[in-house]
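Reading through the structure tokens given below for one structure.
All chains are identified by letter, namely A, B, C and D, in their written order; residue positions are counted from 1 within each chain.
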Amino acid sequence: VKNIEKMINVNDYAEQAQVVLPPEIWNYLDGGAEDEWSRANNNNAFNKYKLLPRILNDVQERSLTTTVLGTDITTPMLLAPTSPLRLMHEEAEIAQVKAADSLGTVAICSMDSHYDLEYLAKSGGENLWFQLYCYGSRNYMKEVISRVNRANYKALVITVDAFYPPRRERMMRSGFVLPSNVEMGNLTNLEVTPENRRNDGSVKRFALTWSDLQWIREATSLPIVIKGIMHEEDAAKAVDLGVDALVVSNHGGRQLDQVPSTIDSLSSIVRRIEGRAEVLLVGGIMRGTDVLKALALGAKAVLLGRSYVYGLVVDGQNGVEHVYNILRDEIDNALTQMGVSNIADLNSSSIIYDKQ
Amino acid sequence: VKNIEKMINVNDYAEQAQVVLPPEIWNYLDGGAEDEWSRANNNNAFNKYKLLPRILNDVQERSLTTTVLGTDITTPMLLAPTSPLRLMHEEAEIAQVKAADSLGTVAICSMDSHYDLEYLAKSGGENLWFQLYCYGSRNYMKEVISRVNRANYKALVITVDAFYPPRRERMMRSGFVLPSNVEMGNLTNLEVTPENRRNDGSVKRFALTWSDLQWIREATSLPIVIKGIMHEEDAAKAVDLGVDALVVSNHGGRQLDQVPSTIDSLSSIVRRIEGRAEVLLVGGIMRGTDVLKALALGAKAVLLGRSYVYGLVVDGQNGVEHVYNILRDEIDNALTQMGVSNIADLNSSSIIYDKQ
Amino acid sequence: VKNIEKMINVNDYAEQAQVVLPPEIWNYLDGGAEDEWSRANNNNAFNKYKLLPRILNDVQERSLTTTVLGTDITTPMLLAPTSPLRLMHEEAEIAQVKAADSLGTVAICSMDSHYDLEYLAKSGGENLWFQLYCYGSRNYMKEVISRVNRANYKALVITVDAFYPPRRERMMRSGFVLPSNVEMGNLTNLEVTPENRRNDGSVKRFALTWSDLQWIREATSLPIVIKGIMHEEDAAKAVDLGVDALVVSNHGGRQLDQVPSTIDSLSSIVRRIEGRAEVLLVGGIMRGTDVLKALALGAKAVLLGRSYVYGLVVDGQNGVEHVYNILRDEIDNALTQMGVSNIADLNSSSIIYDKQ
Amino acid sequence: VKNIEKMINVNDYAEQAQVVLPPEIWNYLDGGAEDEWSRANNNNAFNKYKLLPRILNDVQERSLTTTVLGTDITTPMLLAPTSPLRLMHEEAEIAQVKAADSLGTVAICSMDSHYDLEYLAKSGGENLWFQLYCYGSRNYMKEVISRVNRANYKALVITVDAFYPPRRERMMRSGFVLPSNVEMGNLTNLEVTPENRRNDGSVKRFALTWSDLQWIREATSLPIVIKGIMHEEDAAKAVDLGVDALVVSNHGGRQLDQVPSTIDSLSSIVRRIEGRAEVLLVGGIMRGTDVLKALALGAKAVLLGRSYVYGLVVDGQNGVEHVYNILRDEIDNALTQMGVSNIADLNSSSIIYDKQ
């Protein structure tokens, strides 16, 4: 592994992760659907927005703290649910939850984690959220939600944009198969029926509908976050059903190509929601300035996906923390240079759309 | 030939077709007029449109079926008339009509086919359309239309954008000459006069005018489709004359360079026609998402041109079917990821214009 | 020299001219001011305009003829004044005027020609125009205009955008000096005073002003054409002074970098003039479609500059004629494919602005 | 060193400077913050503006002179404060002030100069301005301002966009450390306390606020220039406080990436100020046409930064003068070709925004 002092931005970690990983796993991590246009555009679209620096404000002391669903976090970046992390590093989700605890932020544990949710809850800090994919039946789902509740997770994140397998051509070409040492730690007691099984042996996800969401809303008092919103109509409908937060996401361009970027989709959703729910964003965050742009356009915070995974690949929990701290330093520095002392002061006057 | 399981998208077939074909034939297939700007732009222009995914809809069952001129097809893609297919594979149009039958769609047989229309009608299924170029005289044309009728073709497609030879520079440079084993199967009984003959020995096409169209409209009760519409005024005029369907086409950028792409031209034509005729599109379809974009902008279905020919070149009828099935899988997957269960539900709210 | 049958577009001639010419002369011909942005953009800007083909019109017979200042020409392309042509081919302006005569168009002879204007008038056909740069004094200028009149030139073209030497860096780097066998045939009787002489020994041009133009307008009854208009205000002012035609020109990007392209500048000038003078265009014409675009935007005809010079370099008068005929064939073919039978029918509905 | 006669534009000097300098110093000079997008865009953004040439005006005599804060300068270009110039050439600021004197323009001496301000005042001409960074305390600042006043500097330029160290990754990678032979000539009598010292041993800058600006405004009768304005609100606020001139600057893209270019930011500031202060611009000037564009958009003059430093690196004072004279020649030539005889006549009708 390259000397960690030489790693000064997230892209350094991406490059190093590509060196470290076997090609088929790198392609799993890096790839997107079909031509990967959306995957690349999530990143590139940030360049269309420019930050407007102000002068002569007192920025000796800066505040990067915020709250998400009432939880204080030190920096407006959460660790997104991703899976299978075990593929990336043997510490897998343990590194994710320990890093989040150490960094003072929220980790969102994936339903598809290698380690089971109870074990992760014990390994991590107080501020864990749980991301739900549904398997089996409503009864099984209900049982999972009870476990989440008992394990003291603070919110339930429902990913709604990845019920069906996508066409990821790099994986199709490499004939990628999940290694047997990567497990679905939360599904050990699931009865897998023929209907639940895909051709490749994996367990079929349960495709949720609006009525399922309503049922979940009634089944739990945990705050509910919907991850995978790209359309303001869906945002409004979800909030009407009592959802507490939304994550603008196109699943990192991994499910459907030729969709808008998340940063381009953010504003209309924020405007439509009018503050009735918190809005988060994920997709393409590689720089502190990307985070500030999302905040200026109305996001409460962002989720890091691939970016922290690069750190995980390179150096386990340490790597996750280093990536996070690089971005935190970039945010803090950019804030200083912008003449803004508190991230809460960022708004639409801090940014312009300036397509080159 | 590359292992067919390794062929996972249409571009794989294009690349393999280039390997398989002699350069001058590849250049015939791949090339366009002059600088080939329009030929390339037909493809690239699709990238300016983005699909807007929706969430939590029930898409367990999807419907890709539609009707064109009253005929049911399993997927909104027809096989366009192209010629000379014999140049591409010895099965030529036989592969086209058999594949269409097997796939449950319409094949449009070319006037310039190697095999005669009666033989193709016997080889293919029930849903064949016939594409007319006019040679000789009105009398000869009348006779051809009668044959088409007797052979039970379901519609008459009149191509109106290729009466005069274009300037295809790749072909000019290679000095391309049609090999003698490629025949004009439908012209065997045509008396070729000096006026009908071009310098290179080929038969001159009859350049149709609006009055010819009116004459054809009166001469047959078959549904008439005009292929080669790029201007809304022409669309309106054709519909006023009783045309049943229009194909937005610039002949694959093969006739005139520096024209708009077909996807960019579609919306204004759809708006102008106000449902008085069905609107189809051809040109640049390489992905299932391209098809969904055309449908969202108002096309009833699309025609595949070069894309199915790539399959024909590589593996005859099997190749045509595989290309078609790849696109069908892409459409089905994209529809699923978009949260749309029926292609009939696609409309202008499913798409945005987002030029990068 | 490459086989002339292999030359199928103007770019072929450009490439061959680069092979044929010594580098410093190629750089003289090809280069522009400073970064050559404007020189390149004259060409590229045409790509922003798309032609809109129409269908089912009778285009069996096409007419490409038009008139410029009352003179019939077979094709809407004139041969621009360029100098020093002797640098490009020993036939120099003789090839230009003979080719124009043979092609049935107008050649505009340069004031800076190697051969004197009387000799050129005798060598060429009836339709010569004369391009004036002013040297010496008003008296000398008056004498030149009288000679032009006596030699039966049909119009006086006053180039107004090249009175001062530009910064052409390729030439500065090569230390280009005009060879001694290239003469200023029209200046043999000019008394060169110290004030008239530049540091490099060449004769200083007289920088005309609006009052000089008025003086010339009164001094001759020849039609006057102003070449070098880029601004509608100047167009209007010139027409108010009695000018008969305008040439939209930025001197091929050779005088000032970072100016608009001529095709982008055309429309506002045409609109402003409201038909009170004929409007021509020069700059970046490499394709027949470029010509049609200029006509659709309101130009009466275009001038060929570098493009015919490429032909001159490669094959003298023959080369000039071949380049011209290639463009004529492209125009004729494009007109046919557009469904337009007469260039007079091109107008703003034939074209759209569609920046990619 | 390359023969100076071969250096014909500023880019030649940039290329030669890269050859001459050790890589880590070149990277210091050339680099910007993070991805260097803003650094590059300062240059590229000029290409979006096109100059509109006019004809037949009398431009035999041109005037490039103007005044800045009442001082006559021969050409609308000042020499910006940059540091540490000693890193670039041993003549350092001596070359800057002597060149300015010889060229008839203003040099702005940097607070961080190697030579002290009194020595520079004696070395240079009458038209020196002083750029202030604040160190130590208000008392120390007051003392510096008194020294500036006594040394007869004509204006006080307060740089407000570089109080905090930026993230310049090229420097972070090279581990750049200022060599010991580069001194802070103006700080010799500063008492450096632990609070004033950065980790790397350098002295911490005092971060000014609006109240500090008000205090300075009251503490001196020198004209005050604020350098680092990017937002019209800040421009208005500064002028309300009695500031005499503004420099639109993003510190050459060296402090914060992902900000607008200076040329794109100029117009809104000029409009907002309504002539109540002079507006200057710095950033990306590599051509005389860049200068004319800034003037046409309302700048009184521009500051040269990196461009004159390239000259300094290559050939000391001579190099600075040569770069300046190249740009002056380019301005004069462009003005001539535009048909404008006096830079004061440039205005918004001289330019169009024409994004390609």
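In this text, contacts are C-beta pairs under 8 Å (C-beta built on N, C-alpha and C of every residue); 3 or more make two chains touch, one makes a residue touch a chain.
As the structure is a prediction and not an experimental result, all values here were calculated from the model.
> For the copies chain C and chain D, give the interface type as same if over half of its residue numbers appear on both sides, and as different if under half do.
different
> Please indicate which chain is farthest from chain B, where distance is taken between mean Cα coordinates of the chains.
D
> For chain C and chain D, let me know how many angstrom lie between their CA-based centres, rounded off.
Centre separation, chain C to chain D: 43 Å.
> Could you state the distance in Å from the CA-based centre of chain B to that of chain D?
About 61 Å separates the centre of chain B from that of chain D.
> Which residue numbers or ranges of chain D touch two or more of the other chains?
Within chain D, no residue contacts more than one other chain.
> Using the definition of touching given at the top, classify the network of chains in this structure as line, ring, star, complete or other.
Graph shape here is a ring: one loop, exactly two partners per chain.
> Provide the residue numbers of chain C that touch chain D in the complex, in ascending order.
Against chain D, the touching part of chain C is residues 33-35, 37, 41, 44, 160-161, 164, 166-167, 169, 172-173, 207-210, 212-213, 226, 228-231, 233-234, 250, 255-260, 264, 355.
> Which residues of chain C touch chain B in their complex?
6, 8-9, 46-47, 49-60, 287, 289, 293, 329-330, 333-334, 336-338, 352, 354, 356
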